[in-house]
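Note that chain A is present in both complexes that follow, paired respectively with chain B and with chain C.
== the complex of A and B ==
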């Protein structure tokens, strides 16, 4: 009698050497082609960012934060800056607020453009990998014109900004948005309408809003379930300019399964997010006020901070990104910085989402949650 | 019906792919061509020793300890020699911001690959001179 393949389980390590696993590893137990157990392991990408922050002063901290997620660098550095500003009591000039908001939204769009390509590559749809990345180059050109580097811009500093907008930067940003808007219908055809893409994603990795809340998901992953949970609207930051804009939180209600989302819905939701971000940038560009970009005394004030605690937060491209900062009296460095990355929760949600899925669907489920290893290994 | 709709959508995708074939490639042949870099490009540094006052603010501002200062090595009245370790530098630009005497600048030279680790530690001779014009692109030399 030949042994039945369904009688025994096989253990498979997905990553850290796998091509789709850029710095993470998951242990899977398979019966035949089906996954019965999924055990996500964090720690393969650990660079001790929190400890590094304790050895750097308040102006040197944000380059560390940016490296946790290069794709949303303008968003990733903000919680730290915000926490320092709250403790030091710094006032941010109006112009800096508006420019910060514009660049944060541009960074969000850039992150989703990268993600479209990444998800398509993981599914073997290589044409769609390179087209959004071409459009992304225009945003990278904007970042380069503004700050001098394509990634890790280090744009904000406590009390304002380091670089000011020029005519050239605005022209490049407008061109990037023009190209994006011109190509959006093409991407929608390629991804949202493609029958092959739909077959791979529809009904895969489905969860309800209740489960998503229990697992601590945030950002587009929960907005795809129809819950309008967005920090930009719920807790408007006084140092950002979202109150100058008229916008709605983009949510998705699928007619067939309201209150639930599958991989396809999460992809559609990210298209909605990009449209909202483009809308916000377009409304803010005519409203950029004149004036300084940094308070001249901010530099001296950020040298030594009083004793205090602050919680800086921002709605990142992947969900709620926040940082808790504690300082001691006349501190030059933080006493403790605790980072809350959005992707730790989506990574560990795999434990509940993946069992009973097929092995080939694993990477689709993983990709649709848009996790970035930097956010769980910090 | 569903089959026909799917067929129509497959043809839409083929149409997009067909159009793409006749577009100019977006990439460039890098070693042979290069693109202009913007004015603010944060490439390797240049140290102007005539203006330097040996205040060591750049050393203190650096988050990754990439700069070493040698105050004994004087070429002018009150300057100092700087050693930049480009195996550590993250091109954050904080040292250039910190220098209040216009003695430290970024240059648009970003291609600094070397065969040996030691060659990436730029001593006082290397950091004060540009071995080529910033506008002379590396690629042109290979043509």
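== the complex of A and C ==
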């Protein structure tokens, strides 16, 4: 009887004190240089966000969600606000809808800019890490000019917005987009045309659309397989202004393996997403209507909510981000809030994706799915 | 009764009379010993002094100029240079607060690292853990003795110094592997094996590339190779060899595009993961010293060593080219994505090795069939 090679596995904990495991831990079993088993563990980043929501009133809840993902803060806070607006029956002014959409797209771009750098850092190219992060500063400046802080802005509130656009904010946003559009071709050259980047990413972490659907992936991870699954188009939110814009859902059909995506395709897909977001912002800026940014009675209406349930959702930078909210009669706080983060699914997809990959490819596969630990530990 | 008392007393007086002589004798003996030691020391010091006076030039070279102090100061400069250049390439400023342009930053870092607590893991072999980093730095610094900075300013020259340098450098991955082994951590062990793997992949192309200059110069001495380039630098005859040598040396040092042994996003810090405080400093400096050594070797093999601008001293010529090579080293190592370990090995064996042999063959055929070339080489 020949000895089974799987008997001689080496168990390696990837995290939670690993340099690139910022608040997560995965147990890997190695045979030589190959991973045979991957066991993602959640819970190292748990901050009981759902319980915290039950102790805050409806205007205080959204900053908790921003903390789950600092990079897409404008998008992360929206599901809660949307759910509150649905239960309270609030009407959002037109100006607030457009401004919300613009800032959400800006937040999405900012999140992808961070991710380009992060993936490059995971592949040891630190120049490409810091170059997009320099451009990201312009978006952070915009956020600071608008809300006073760079991260966790607490921009939206039930019924409207807390801060209005000024000329200065618009100028800074336009400057940020200008810089982004000037530098993006360079980044495309450095990433997508770089032979070393292609060697590391092509054929790595490849899955089909069917598998992605079964694992519950969403957002760019599934659009890279060629499925135009996008909440912005599929179920347009009445409180957002995506219907005012003429745009297409960006998808990627790779000629060599249609219906499947590898790490390289997901990088290309995220470039397409940024281009779409820039297009949406550029179309929306001339259409900003005049008017109030919040219904004056919204504050009083959001103080006590009627009994009800609502499901707020948004197409986040990492996939479908949603929150289910239940309130009791004359409630000041939610009875229960359940967060559905997009990255829980992409993190646990590693369990199927990683085995048979090389040890060095693990972090590339992880990075190409763009998970953020806040979303799965909550 | 009295007689007995007198007898006792007389004996005591005799004893007292003899005491000064006894003390004097003891002093004499001690004086003899001291004079003996003094004389012996005088002879030894004279001998040593004669040795120092006779070899003062060699000692000066070994300790100060192309020797220890120069190399260590160069090392400190190079770490600063690397960090500053990386900063510029990555749109940062690099170190800038300590001293002018952050020039003293390295001393501050070194003091911080040396004064840190040394944490030795339970599973580590304590003796080897303390010993290996120093050994690594020594092994990397010793080959600097054979670098010909000038026709006068070199420490040692052997007829086989080229072979000796590569023998020393072959010990580096062994130490890295051992360091990974004795650290008692799986990440260190993986890193150690990767370092050894890297070196095995890169060493043969590197030595093949150095065969070209050695054959053209007709000498295995590094000084001989430098002297052979008085009329034409070997970069013009062996450009492919230079490219393969540069690539192989980057792989063998293990800096950025080929830094799988210390890939921080994969295996925390490779075989250096468990080293802390001063031991980490030593391994870190060893990496930079190795880059400096390869740059100096490349200047010697391909860029004419100390030949260059005629009215400049040879050492100045050498150092200018040395700095340019360091610049190339840092620039290359900060502009690519990291390769996987199996890709590095495949790259070395499939592309670097045939290329490095190809240029040697071409150069040999050219010397045989192109009439003027041999004359050019010998300086005719």
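We adopt the following convention: the second predicted complex is superposed on the first by the 371 of 378 C-alpha atoms of A that agree within 3 Å, B and C clash if a C-alpha of one lies under 4 Å from a C-alpha of the other, contacts with A are read in each partner's own complex, and residues count from 1 in each chain.
As a working rule, a residue touches a chain if its C-beta (ideal position, glycine included) is under 8 Å from a C-beta of that chain, and two chains touch if they have at least 3 such contacts.
Model, not experiment: these values are computed from the prediction.
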{"item": "Chain B versus chain C as contact partner of A:227, first or second or both or neither", "value": "neither"}
{"item": "Which of chain B and chain C A:163 touches, first, second, both or neither", "value": "first"}
{"item": "Contacts of A:134 with chain B and chain C, given as first, second, both or neither", "value": "both"}
{"item": "Contacts of A:194 with chain B and chain C, given as first, second, both or neither", "value": "both"}
{"item": "Touched partner set for A:144, first chain B, second chain C, both or neither", "value": "first"}
{"item": "Touching partner for A:10 - first (chain B), second (chain C), both, neither", "value": "second"}
{"item": "Chain B versus chain C as contact partner of A:33, first or second or both or neither", "value": "second"}
{"item": "Chain B versus chain C as contact partner of A:360, first or second or both or neither", "value": "second"}
{"item": "Chain B versus chain C as contact partner of A:121, first or second or both or neither", "value": "second"}
{"item": "Shared chain A surface residues [contacts with chain B and with chain C]", "value": "127, 131, 134, 194"}
{"item": "For the chain B and chain A complex, residues of the former touching the latter", "value": "6, 9-10, 12-13, 16-17, 20, 26, 37-38, 40-42, 61-63, 90-94, 97, 106"}
{"item": "List of chain A residues in touch with chain B within their complex", "value": "56, 59-61, 63-64, 127, 131, 134, 137, 144-149, 152, 154, 162-163, 168, 186, 189-190, 193-195"}
{"item": "Chain C - residues contacting chain A, complex", "value": "86, 89-92, 186-187, 190, 256-257, 259-260, 263-269, 334-343"}
{"item": "Contacting residues of chain A [partner chain C, same complex]", "value": "10, 12, 18-20, 33, 120-131, 134, 194, 196-197, 199-200, 358-363"}
